[in-house]
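Letters A, B, C and D mark the chains in the order given here, with residues in each chain numbered from 1 onward.
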Amino acid sequence: MADGTGDERPDDQMGDEAREALAAELSELLGDAVVESHVEAGQNLWLRVDIEQWHAATTALRDAGFAYFGFLSAIDWTDAPEGRYEDTEFDAAGAGEDDDASSATAEETVRRGGGETRFQLLAQLHSPARHAAVLIKADVPEADGAPASVPSIIDIFSGADWHEREAHEMFGLVFNGHPNLEHIYLPTEFEGHPLRKDFPLLARAVKPWPGVVDIEEIPPELEAQLEAEVMAEFEASGAGA
Amino acid sequence: MPQLPGLLKGLGVTARTAMRTLFPKRGIRTLIPAPQQGSVTVQYPHEKEAPPDRARGVIALHEENCTACMLCSRSCPDWCIYIEGHKVKAPPRRAGGAVRSVNVVDRFDIDYALCMYCGICVEVCPFDALFWSPEYEYSEPHIADLLHDRIRLSEWMETVPEFLDYEPGSEQKVRKVPEFGIDDFAPARKLEADGARELASGAGS
Amino acid sequence: MTGALGLAYWAETSIKLGVALIVIPTAALMLGYLFLLKMMAFMQSRLGPQDVGPYGTLQLIADAVKFLQKEDIHPAAADRRVFRAAPVVVLASSFLLFVVLPTGPDAVVENLDTGIFYAMAVSSLSVLGVLMAGWASANKYALLGGLRAAGQLIAYELPLILAVMGVVIQADSLNLQEIVRAQAEGEIFGFGLIGNPFILTQFIGFLIFMISAQAELTQTPFDMPVAETELVGGFHVEYTGFRFLLFFMAEVATAFAFSALATVMFLGGWWIPGFDFDAPVLNVLGPVVMLVKILVVAFIIFWIRFTYPRLREDQLQKFAWKVLIPLSLANIVVTGIFKVVL
Amino acid sequence: MSPPPTASALREQQAYVAAQAADARVNVELDTGDMTLNIGPQHPATHGTLRIACQLDGEQVISAEPLMGYMHRGYEKLCEVRTYPQCTTLINRIDWLGSFANEVPFILAAEQLMGVEAPPRAQWIRTILFELSRIANVSLFLGDMGVQVGALTPVFFAFRDRERVLNQIEEVTGGRFHPNFDRIGGLKDDIPRGWIAETHAVMAKMRGFCDEMEDLLMGNEIFQTRCRSVGVIPGDVALSYGLSGANLRASGVDWDLRRDANPGLAWDQVDWRVWTHPDGDSFARYWVRLQETREATKIVDQLLDGIPSGPIMAKVPRIIKVPAGEAYVSTENPLGEMGYYVVSKGGLGPFRVKIRTPSFSNISVVPWVMRGTYVPDIITILGSLYFILGDIDR
């Protein structure tokens, strides 16, 4: 068929070497905007850029062929105070099996290019021509308890419009240059930013966890007596003979 | 603007389907209209659709196997399983044995108004006490009636089908559904008849 | 005028009225059941209604009873009098159509000399009702539907009338009985056994008539005024209960009436080959023959309805003005030339 | 095979725009006021509760703004309070017509973080079920598009034949719509005896369904009149808006994650091709989806014949704890690129899950593409972009 392109398959699937090379290339391209880059073996390429350079870096990447907009979102790196709303002891028992997990976490997240500030912005861009994808991140500094405003990339990728609105309502990030920064999912009068970790999840808060119940034990002081009684009856019934 | 072929082809498709629905029989009997066989719909209240054996219709409880270990309740994403239980002392199984400590289920409720039918509870159960049944006719006019207690859940055991055989090449073992009879309702009463005690005489209340 | 049965005027009139009042709802029910319910179901691998009556035959009656039980709701902002009148106007238009349909030498309510002219005139009346409904509902969807219907009127009414012109020229009459007679007494190159149904000579006219009738009936592919998936029902979106029932009845009854018109004009009407044109027995057999032919034509109308997607309003206009109208004009010219030459 | 679509789309589109501009001029002279028309939240064309606020001039759209959130369920937040196995239950319900395909990228992301790889047999069955859910999902579109443009019958055909595929999915997973069958490290269960043969038969039926749709709807001139040159999205616009799946391929961009970023499933083991169409209009989107459904039946047929034997579960601990880290895995779902950005801090549940759903990005192009079209075109374009509301709102 004339309209479908052939079925030749690119044999790569983007090997790690290609990723390393790409990371180097992009680091060079973006210059001092890149704070760090990280290649996760067999997976992904992360680029962490300076938030001031967010717009410039995105433009440069678009011009370098990364013209396909994947998504834009944010992460709140603080821990939720309520955990999973389940019994804390039970939760801790699961987490406590290897104690070094928590210390590894902090190190790991920094290594992945993030987590130095509370909020982090991330976006995924593809390059259909190179069969490559890059995930760019930027730490969003806080000022007066609120995240500082970040540049909007809606003029580079039209598709970022709704993603930025979502990040705005969910995390309270403010995008400079966005023409219509309103709630997208939530009602206009909704207060709070649900995906921030300190936003309580009411559905879980109003109901006790049924798993907290435990089986009712026999009072220890009665245990011996009970055991004796049962045994006595058992023997009396002749089954013991 | 319209040319004939595409439009006529479409008419052909609908006409062909109508003929297939109306006259599904082959051979000499082609002329007998039998839309009941030709149609793909099931006339629900008159005839019942049979879901596949693995269909997740309703959860059945084999209470005898349940130890009130709370695993299902704790792994339920919707918090819709409520279990309460207590320990009793039961006589040894055979002479010379020690007195056993047995968990008795006092309450085992599943709130089907909340249940998302994910099957995690059935999967985590280490004692083969929960099973899926493809039964689906248990809607209720009142939402509160969707909370099935342990008796109701045990009744579903009768509808649990045998596990299916696997395709060749599989290394899975076919599990067995435990035998279930009318005696298996309320195993606590059976334990009691055997001489199990939950409180020492005189020490109660 | 005294009828063939020699009855007094009042007796004949009341018989005709009674027959008309029975025939129209029955016709609507029959078409509704046979095509809207059962045929559509079979075309979609379904069974259709099964529970009410044998094979669900009474389903539509049950539906009608259900509609009658419903509350009569007006939108708060509706223009009430117009809102109430609209379905009656639409239904009246299809009732009036039945007046001139001949089903036998004497089995006709009123044998008007300008029968076809009258039929075309009253059939356009329904658009007025649709427009009233669309405007009075105070609903944007209804308004869009009503305006589409009005726009559609111009597009299809012209080819409809022009298609009929060919028949009129060939039959030399506007009277529907005379058109049937012309077909019955006509000959195909000297072969007069089956008469000369005008579908043979006016085949293009028949096609144009059917296409335009499809638009008149707001059936797919020209159901833009209703357009369930765009305008969620269009002009009757705000109607419930009895008034919706009137719309529904009018729709199906008009489908019946237009099938009957097509039968009379193109398929030889009620005449049965081999019978004398004025044989009294045709007053009994004629309606049966008519009914069979009507069902065949209605089958095509509904078959198309269940198969085709819908055009866009501007595409319909384009189609009507660029294809249908030139074609029907050409048809008239050719018919005229043959009429003069032969 | 269907007739090759010819790309006179651009020329037609220009004529169309010129005609519309002429219309607009007339309207200005007559000073007809604008009308706001709310399509939805409850409207048959919005498959749920999407609302599109349109400014109309007559029947012409001046602006169209989708307003959503009527079904926002907050899955990203809910995932944060659930363990990994519990999350799949929610994820099933994002795109409810192709549920199994939703589970796969999430599970793959979790597996990536854990460094676990499912055994080959599990991978193959995953791929089969993935493609089955694609067929189930897209076949409904193929019929539903008919309803959007006014044809009643195709959707019934779609429901009829989709049921066969859903039955096959249910026979394996136990759920027609919400399989919850994928597990970290493999699958919940193996396929039952006799299933492979049955599925082969169903695939043959589905190819018949595709042929039927081609005759009944796609070949229909009225359908083509309604869809060609309507809602043209050029490739660069599609990329910029992040359109994915068949919508992107219908705009001439040759991009399919199954081929271009295969995260380890068995697609590279079988012979298939990616279909694209240069026109970028509604018809192109329908055409591409129809071809893809056909292609998917062929993929399933090939996979069924080659399922390797072996276990279906890798060795994973009973209580699943995912080591700290971040992973983004996306797959080519029925609706387009669905990806999960999973952040773990080493607990029982994810720390943050960003769900990149295809419909959200696909629908974001609506304000751009709707400008200047007519009311019936809104429905055609919405239908051809094909969204699932749960997939937009999450």
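Basically, a contact is a pair of C-beta atoms (placed from the backbone, for glycine too) under 8 Å apart; a residue touches a chain by one contact, two chains touch by 3 or more.
Not measured: the values here are computed from a predicted model.
Shared contact partners of chain B and chain C, listed by label: D. Pairwise, the chains sharing the most contacting C-beta pairs are A-D. Ranked by separation of Cα centres from chain D, the top chain is C. Separation between the centroids of chain A and chain D, computed from CA atoms only, is 24 Å.
The mean-CA centres of chain A and chain C are about 64 angstrom from one another, to the nearest whole unit. Taking each chain's centre as the average of its CA atoms, chain B and chain D sit 31 Å apart. Chain geometry summary: the mean Cα position of chain C and that of chain D are 43 Å apart. In chain A, no residue touches two or more other chains.
Residue numbers of chain C whose C-beta contacts span two or more other chains: 43-46, 306-308. Chain contacts: chain B has residues 1-2, 7, 10, 13-14, 17, 40 touching two or more partner chains.
Screening every pair of chains for touch gives A-B, A-D, B-C, B-D, C-D.
Chain B contributes residues 68-70, 73-74, 76, 79-92, 95-96, 99, 101, 103, 195-201, 203 to its touches with chain A in the complex.
By the touch criterion stated above, chain D contacts chain C in their complex at residues 35, 37, 43-45, 59, 146-153, 156-157, 160, 216-217, 220, 222-223, 225-226, 374-379. Contacts from chain D toward chain B in the complex involve residues 82-83, 85-86, 88-90, 92, 121, 153, 157, 160, 163, 167, 170-175, 178, 180, 188-196, 212, 215-217, 219-222, 224-225, 307-312. By the touch rule above, chain D contacts chain A in their complex via residues 1, 4-5, 7, 68-69, 72, 74, 76-78, 80-83, 112, 236-237, 239-243, 253-255, 259-262, 268, 271-278, 291, 319, 321, 323-330, 337, 339, 341, 343, 345-349, 352, 354, 356, 360-361, 364-365, 368, 393.
The touching residues of chain B, when paired with chain C in their complex, are 1-2, 7, 10-11, 13-15, 17-18, 20-22, 35-36, 38-41, 43.
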